[in-house]
Each structure stands twice: as C-alpha cells, then as structure tokens.
C-alpha cells in the first residue's frame, strides 16, 4: 500500500465508522427494542460522538492556523511596504491587548466592530440596488427580465401602502408557490450533490488527501 | 416519517449511491455512447481568463469564501478545491501564482495543498490568504484586490450576501468574475451581479466540465440517475396520493398513468 | 516574489513539472488547450495555414514586465505530451493539423489575426465580418472568441462590458457618476424620515400578527406559554452584520422569555455572536436599571460556550448536549445539567441567513422529539426559512424582519402593559389565543392608527433631537411606557412552596430526615430513581428537602418537592441530616420569602463553592424590585417609527432605481439588436 | 469605555465606511480601506479570544483539576481527545511543509470524512427526505379546495422541473455539444423560470434586509449628530 493508500484507507475506515454511528446510533428501536438493544445503540453512537468531538476541537483550533497565516502573509506585506497590512496587524494586536488588559471588556466590540460591520452591510444595499439596476446589461434576455420583474414585485409588495395591495397579493403568491418550488429544487439539488460528493469522499476517492 | 424509517431509508440511499459511484465509473469507460455535458455558462471563459492571466502577468483570484471542510459544506468544499485544481493547472504556464482566499481557517491546509499540487513552482504560502469570516473577508479581499489586480475572480464557495461587496468591487475595478455559491442568498446575489454564474449543484460538476478527467463526469452521471429516480418516484407518489383522495382516480388509473410516464421516460432516455 | 524566501521548498512527487523541450507552430498550444475543437471546414476555405515561428506573441494591452518570460516562451518550453495521454479529440486534431502542415513561414512575419486565419477573403467581404456570416454556428463563434482571446485578437470587442484592463488613475472618473447618483438618491430617500415627519409614508405594522403570518403568532403564543422553571435554548446565529435587523428580534425574544420567568440558555456557532450576547443582555439590563432590575448570569440567563465548526458544532450540540451546557462562554462551569435538547421548553433560533436555519433544520430538528424550534430571521432568510417551516412540524413558526419585530413588541406591550398587575406568576396564555389574533388582525382601526402615528411621529421628532446612545436610554424612557411599579414577588427556581396543609400540632415536635444539596453544580430532581426519568426541576447547593424514602439500593432519595409532589434525587449529590419539621419549614419560608435575599444568598454559595472557576467578569448587583414585566415594556418606540418609514421610502426608491436602470439597459440592448438586424 | 466614547468611535468608523459611496477617490478610499482592515484584524482577534476562552481554557483547567470533567465522558477521555486534537491541529499546521505527508493527509482525511458524514446524514434526514415528502404528499381534504390544490400542484411541477433543469448528461450532437430532446428542453425552460423567480425573490429580500440595517445605521448617525 502506497502512501496515498494509507490516507485513503484511513478515510474509508473512519468514514464508514462515523457514518454508521451517526446513522444508526442512539435508536434502540432500530434493533428491535430488545433489552440489549439500548446498550447496543449507545455503543454504536459512541465512536461518532468521540470523532465528532475530536474534529470539532480540531476545527476550532484551526483558528491558530488562520492567525498564523494572517501574520505570515501580512508581516511579509508590511515588509514590502504595504500600509493596510500594517493597519490590520495593528488592529489585531490592539484588540488582543485591550481584551487582555481590560479583562474581557467587550465594549470595543460595540464601539468598533459592530459599527464597521453594520456599515459594511448597509453598503451592500447600495451595491445590490446598483447591481440590480444593471441586470439587463449583463443578461439582456427573458431570464433577466423575469428576474428584474420578480425583484420589483417583491420590493413593492413589501411596502405598507394601501394602493399597492394587489402587488402585495402577487408577491405573497410568488413567495408561497413559485419561490417555494424553486427553493425546494435548489435545496434538493444541493442535498443530492452533497450526498454524492460526500459518499465519494468517504470512499477514499478524493484528491485532497491522496498524496 | 419516524426516526427509524428515516434511518433505514438513509442507509439504503447511501448504499445505492456507493453502488452508483462504482457503476458510473464502469459506464463511463464504455465507448460508443458519447454524451456531452450541458454547457455551463462561464466555464468556457475560464480558458480565456487563464490565458489572460498568463499573458498579462496578473494573478487569478480563486475564492473559497466560507466553504470549509469538517462541516456540512465538506463535499462542496472538495468540489470547489477540485475545480480550482483544474483552473490552476491551466494557469500553470504563467509566472504569477493564483491567489487563493478563504475565510475558514481549516481550509488553509487544503488551499495550500491545492496550490502545491497544481502549481509547480514555489511561492505557495503567501498566495493563500485567510481573512476572518463573512463581511471582514469580503471587505478585506475586495480592498486588497485593488492592489493585486487579478485577471479574473473565480468565486466558488460558500458566500452569503457579502458576495455583493466582492462582486461590486470586482465590477468597479473592471475585473471579470464567475461566481457560484452553495448558499441560496449568495446564489441570488451572484446571479444579479456576477458576469458569469453557475447555479446550485452545477458546482459539483464544474470541475468535470473544466477538465477532461472523468471524475467530475462520474459525479454528474450519478447525480443524473438519482435525479431521474427522484422525479419519477415523487411523481408516482403524488399520483398515488391523488388516487387515495379523488374518488375518480383509482389506484389502477394511477398505476396506468405511472406506467405511461415510465414508458415516456424510457423512450426519452433511449432517444438520448 | 522570487526574492522571497521559499519556505516551503516544494518537492514535486506525483505530478512533476515537465522538462523543457523545443516545440514549434500551433502545436505549442496543444497542451494548454485540451478542448480546442476541430475548426469548421468552410466551403472553399483554404487549408489552415501554419502559424509562423512565433517570434513573440502579440501582447495584450498590459505588457508583461520586461525581462519576464512570456507565456509563449513557457509554452514552448513544455515538453511533448505522450500520445497516449491525449484524449481522442486532441488526437484527431493532431492528425489533422499534421496533415495540414505547410512549410514554415518566415520568422518575423506578423502574427495572423484570427479572421485572417479562419476566413476566406470572400467571406470577409461580407458585411458584418466573420461573426455575422451564417457559416459559424453559435458554438463555433465561442471557439473563435476563444482563439481570439489567446492570440490577443485586435478585433475583440473592447467595449464589451466596459471592461478596462487597468482601472483609471484619474482622480475621479466619469464612470463612477451613475453609481454616485443612484447612491445619493437612495441615501436621500432613506434619510428623509429622520429629518422630518412630513415624509412619513405607509402604514405602521399591525398591532397583531395578521392571518397570513400565522407562524409568527404561533411563535408568540408558544413563548407566552412558558412558565417559571422552563429553560429555553436561544441560538444567536447572527453576527454584527445583521445586528441592525436582528438585535431587536433577539432582544424581544429574550425579554419575553425572561418576563415569563423562564431561563434562556444562549448558544451560538459564531464566536463574535457569543461575545455580543453579553452586550445585548447588558443593553436589556441598562433599560431596566431604573427599576432596579438586572439579569444575572448563572441565574437568570446563561451564555454557553461557542460551538466551533459550524454545522459540526451544531451536530455536537445535539449529540452531546450535556457537555455543551456544562461550560459557559468564559470557560466557567455553569452547573447546568441537561441530558438532551428535549429538556428545553423550546429552541429559539435567531438566524441571520437561511444557511443557519438549514444547518439547524438538518442537524438538530430531525432529533427533536417534543421540543419545537421557533425561528426568528431577517428578511433575506425568510423565503427559504418558510420552506423549512412548511415542511417540518418541528419548526413552529417564523418571525421575520423588522416589521414583524415591531408587531411582536406591540403585542407584548398590549399584553404586559394593559393587564393589571397581578401577584404570582403571570397566567399561562390559553392555547386558543392564536385563533383570536387571527380573526381581528389585519385591519387596524384606521382613525386610531392615524392618531397614533401622528403622535408617534411627533415623539420621533423629539427623540431624534435628543442626544441618545444606541441603546434605549435608561434615564429617559418615554413616560407613557413606564410600567406601574408593582410588588409582584419574583418567581424563584429555588423557592419551594411551604406545606401549609400539614397539621401544625405535630409540627413542633416531629423530627424529620432532610437532605441538603451539596453538589456545587445544579442538580436534577427526577420523576423516578433512574437517570432516564424526566427532570422535574433543578436544585442548587444549599437547597434542602424532606426525605420520603429511598430506592432499594439506597442510591436515590425520594423527596418531597411540594404537597403531593415527590421527586427523586441521587444520593451522591446530597447530604443527609435530621431536623425538626418546624426548623425545616422556617428555613424554607425564609428562603422563599424575601425575593432579594433568596437569590443573593444562593448565588454567593454557588459562586464560592466553585473556587477557582469563579466567574471573573460579572458584577453581582442585588435586585431591589422584581417586576419581570419591566423586561418587556421598556422599549424606545420613538426610534422605531422613523426607521420603518425610512424602510418604506428606501424600498420604493430601490424599486424605482432598479426599474429605471433596467429599462435603460433593455432599450439599449434592443437598439443594438435592431442595428445588428438592419446591418 | 464610556458611552460617549463608544458612540464617537462608532460614529467616525461608520462615516469612514460610508465613504465607499464616493468611489475611488484616492484620499477618500484610504478611509474606507483602513476601516475594513481595522475590522478584519479585530474580527480575527475576537475569534481567537473567544475560541481560547470558550474552548481551550476549559480544557486547560480540566487538565489541572482531576476532580472535574468538562464532558460526560470523564476526565481522562477529555484529556486524550484534547491531546489528539492538539496533535491533529499541529499536523495540519505543518501540512505545507510536506513532511510526513501520509500522516498529515490522514489527518486531513479524518477531518474531511467526519465532516462529510455529518453532511450526508444531515442532508438526507434534514433536507432530502422531508422536503420530498412535503412536496409530494397532499394534505387530507385538499381536493375540496381547488385553488389550494392547484398551488400545491404548481409547487410540485415547479420543484420537479427545476430539479430537472440541473440535468447534465445530454446526448451529444455532431459537434460534440450537448443538445437534449425538445421535450426535455421545454421542461428545463420551465424549471429555469422557477429558479430565476426564486433567485429574484431572494435578491429582493436581501435588499430589504440590507435596507433595514442601513436604516439602523442612519438612525444612529442622526441620533449622534443631533
């Protein structure tokens, strides 16, 4: 077995174990509800629990990788004289310093983090409207037209104006029927893709951990 | 559906998928039945962009967004990594490595690995850039792209509405973009703002469309089989439901209808 | 880049880089163009001429830095791919190209343009050039485009999409003007209602949820049916990004839960949301500080540790709920002990995006048995959230957006503000209240609404003139909204009702066996002597109970909780001692009498027994009055109304901008097409 | 921090971000970009701090104190799992060095497949089955209400055609390009109409959400200015 084989085997074994454990664990009814089935169900659920906990901690710890990457990339850029990377590093260091010296005072969050993030989200409004106004420039076809029409109907339908009551009725119907149908289809499609790609990853067929 | 039923169905579904994954590989090898993938808007552009990147010595920007392994987005993240792998391989002749950006730290090793595999030169680590999630990521990437001046943005990953900021930035700076998100809000934004867009599960077959390698196509085949079965099954189910509620529509009639539908489906399948 | 230290020092293993070798002609492109199709054979077209020796590729508008090798050089350096590695289409192409090969042209001859290569002079003379020639199918056009892209064809439509390879360095480019105009119009529209009430447009949201919003009404009535001792899991799945929309909803949900005497457990899979949860509680506390109230961490609410790993963390919450509730966000033991999510009275999910709701619907909802998920979302997530709410019974309903928040607040105010102060716990909302809301809603009294609005806008004006911080100001709540002070005792989880029916004659001499809880954590009292039995209530260190009996092996005590109500508690959690009934009852009475005394004493016991894990950051204030109603009543309605009006104007402006812009571009596209047709 | 300081800082930062509207004027864009990078650094710092406090700190305390356990698995299990996770994290950090690649790849494989299992189980039990059931099943008595039934059927047709829209493998024509049957093409068009409608509606709701957030910011600016 080559080296790629080892990780593929690990993937297969761990994947099978986790999947079985998550799928079948913790439901005594599945084993006929016999006296011993409760113990069996619990035992079956255990490996899934442990692996889940392990991976959750690994994922949480990966923030350290993120910070390492941030520092590596931006220290390098500062060395090349990039001003904004210096701003980023300074802000990072200051926040850590603030939090440590002020014993967990999170008012910095309210003073800086929330306003910037809210303001950025507000900017999205302008970007979205401006982009929405130019849909027909990129997609000058029936689909662009349909898209714009739906956007306008839903926007107008949200207005609390009595004159627009019929538009509101259309908008409600749109939401209840076609939008519901389309959303279901996209969700089903993504779920299907998730299952197929997930199963393939578990079969040890993915490039990412082979070699 | 109670818990046990769901569990049993899930096991059956997974087993059937495993079976299909293997048989699809078998079918793909069979000569003579030439099929083509539906063309995906924008993917044809990738060749042009990679060439442009090589010639103008400007990097491609490949964005994972919030996609992450080790969560429910794992399959999507793998599909994106595979797509980026194919793209980077095409840009391989250039001097300037593509920039990979992501907002999930756990994706950094995967991103570095993708770059290393497909990009045969050094200079990997500083081309994989992480920013903290969502708006911070979108804002910082947009702002730093003003310096990096990428030849194109390929944003395939998990994006919410913050994608609007990135696409707007790309538009302002005059960079072309291809976007697809595995989240619906991001998808809607991508549809309106991106120059080219993939929708929903097209993400899972995009790598197969970019490269001639069979893997993505196998996935597409498996997905197609499942989709057909689901549509058929749901239709039969609905007819049966009707037959139980409408006195006129007996189950014999429903069965006949289902048979006709199946026959039609078979005919269509044959014709293709 | 090359001067950087290559710290990775890559070693190629699986996919080694190709060794350099000379190639010439069109075949240089082959490895880079695996899908290069067979070019169409047009009638009368001369054979494909071979490309000259490519001295240098025609550059695109941005020049590669001098001294750096061009792509063409690099491509030339690529080695031959083995024939077996080519797929069949490439093989065909290769065969054809070698069949077509002609003697090489002189080096130095300029590179042919695509049109020169593809098209006969006869075709070129056709008006409209090659693309309009019918000879090319759409797919072929794309291929021509592609080829052009590669050779940097001069005929490429530069104007397409207005793309410039380099953004202008001008101080202010004219191209940004439309954007600026649109933004200014929108900004103006949104700002007007804050400046003057003359621009107030549209009706305020109804004071009760209309028939169409049954789900929202259901959420309200479920939260309203909570009682003291209930615990509600509140998931803060939103970051500061959605704070403007979801903070009001989150605050309302928390206020409602607290006002019913229930305890919210706050949890989140976003680290920033965890850090912010404390600030939201602080904002609530600030708003009720005038009444001497404040919510205490560890008693009135809990902020649990953050759930890393996105959906994986949510799965873990579901699978290992007992572990998640053990630790607070600050890394301190909470003393909570719950087995599973089904111990919660409800799960309230405040979700920023549909994705978060999907995560919960996929990872948590399938495992819920009796508990219901209540969804609070922003507008963006609403369409998708509705799909999940429709398809799963466990998802109870949906409160979406700022307008729903307004209605919710109105309902709370109507209920808690209008009813007379009563002693004891607030009465449970009858289940049929839902139907009541539905019938009378939707059509608020027009005149009343008008008057209310006029008054509100005046208040808004006043409020907008006063300097006030982001949070509702504690010092100046609108006078009409101040609740009447009451003396309602605060329901306490620890207070055990005294047994009044017992014969008092024997009480003084009777010796009874009692157990006192010694475990530093909260302990569970169950319906039966096993861990699988339902939890009746929680008890803290210092609580004592009369012992009625024990199970066979003595590992569980049967204890009296209230007259007629008995529960079981594990032996290792308590200490056994004897006492007289009178002393015991006196102790119970003092524990339950003074509302300030009870919680404070217990809290200090609880805190000190934890030793090193004592919370570091929370200040403990003892509450002076205890009217839970305050939690729901104090809100700053005057700030909400201009926002609602701004939203109306803003969406109107947005709809107009989108419509006008698209009409403009659609007309442009039509004109372009007509011109093309005429040509 | 005092209330006033908080308000002042947030006011200034909000204005800095809003300068984006003015476009790429060099002096102005410095404000916006500085705000964005301040924000990115701060978010990274807060994420680190919260992860440390809520996750790493409890485990570190747990290791010191044998009498407590932060999980129901018990003290030693906690330590083993945490130690393994630390090791895994370290290996992932070392992944770019490409040493011990079989080991780092195996670690990556574990993270990937556990995530994939959770994804598969969640997608099946949380989305695929319930949505299919909700789409295909008819509530009792729906045949009495014609318009409700038609809506129901429309949802069904829309879902199925939109699902069909994603079909990939089509018969190739002579040029090697995909070209389905005409009937299939018709279905795909109907499906695409549903999908585009959905995206449009979500886009509009997204605009509404951002508008709500914008009103909050503007409300704040006016309050501060007043």
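Order of writing sets the labels: A, B, C and D. Residues in every chain begin at 1.
Everything below uses one rule, namely that a residue touches a chain if its C-beta (ideal position, glycine included) is under 8 Å from a C-beta of that chain, and two chains touch if they have at least 3 such contacts.
Computed from a predicted structure; not experimentally measured.
Listed by label, the chains touching subunit A and subunit B alike are C, D. Between A-C and C-D, more contacting C-beta pairs join the chains of C-D. Separating the centre of subunit A from that of subunit C, both taken as means of CA atoms, is a distance of 10 Å. Averaged C-alpha coordinates put the centre of subunit C at 9 Å from the centre of subunit D.
We define each chain's centre as the mean of its Cα atoms; on that basis subunit A and subunit D are separated by 2 Å.
With each centre defined as the average position of its C-alpha atoms, the distance from subunit B to subunit C rounds to 23 Å.
For subunit C, the set of residues touching two or more other chains reads 4, 8, 10, 14, 161, 167, 176, 179, 183, 187, 239, 241-244, 272, 275, 308-312, 315, 320, 323, 330, 358-359, 362-363, 366, 379-381, 383-384, 387, 390, 470, 650-651, 654.
Contact with two or more other chains is made by residues 6, 10, 21, 23-24, 33, 36-37, 39-40, 43-44, 46-47, 49, 51, 53, 55, 71, 73, 92-93, 96, 98, 108, 111-112, 114-116, 118-125, 127-128, 130-133, 135, 156, 159-160, 163, 166, 176-177, 195-196, 198-203, 205-211, 213-214, 216-218, 220 of subunit D. Contact with two or more other chains is made by residues 3, 6-7, 10, 13-14, 68-75, 78, 106, 109-110, 113, 116-117, 124-126, 131-133, 135-136, 139-140, 143, 146, 161-162, 164, 172, 184-185, 187, 189, 191-192, 195, 199-201, 223, 227, 230 of subunit B. Listed in rising order, the residues of subunit C touching subunit B in the complex are 1-2, 4, 6-10, 12, 14-17, 32-35, 57, 59-62, 64-65, 68-71, 74-75, 78, 87, 142, 145-146, 149-150, 152, 161-167, 176, 179, 239, 241, 270, 309-312, 352-355, 359, 362-363, 366-367, 380-381, 384. Put simply, subunit B touches subunit D in their complex at residues 1, 6-7, 9-10, 13-14, 34-39, 68-75, 78, 106, 109-110, 112-113, 116, 124-125, 131-133, 135-137, 139-140, 142-143, 146, 161, 164, 172, 184-185, 187-189, 191-192, 199-202, 205, 217, 220-221, 223-224, 227-228, 230-231, 234-235, 237-238, 241-242, 245-246, 268, 271-272. Those residues of subunit D lying in contact with subunit C across their complex are 3, 6-7, 10, 21-26, 43, 46-47, 49-51, 53-55, 57-58, 61, 65, 68, 70-73, 96-98, 114-115, 118-119, 122-123, 125-127, 130-131, 133-135, 175-177, 198, 201-202, 205-220, 222-224, 226.
Subunit B contributes residues 3-4, 7-8, 10-11, 13-14, 17-18, 20-21, 68-72, 74-76, 78-79, 81-82, 85, 104-106, 108-110, 113-114, 117, 125-126, 128-132, 135-136, 138-140, 143-144, 147, 161-162, 164-165, 167-168, 171, 182, 184, 187, 189, 191-193, 195, 199-201, 203-204, 215, 219, 222-223, 226-227, 230 to its touches with subunit A in the complex.
Of all residues in subunit A, only 19, 23-24, 27, 29-30, 55, 58-59, 62-67, 69-70, 72-73, 76, 82, 84, 88, 117, 120-121, 123-124, 127-128, 130-132, 135, 138, 147, 151, 183, 186-190, 192-201, 203, 205-208 touch subunit B in the complex they form.
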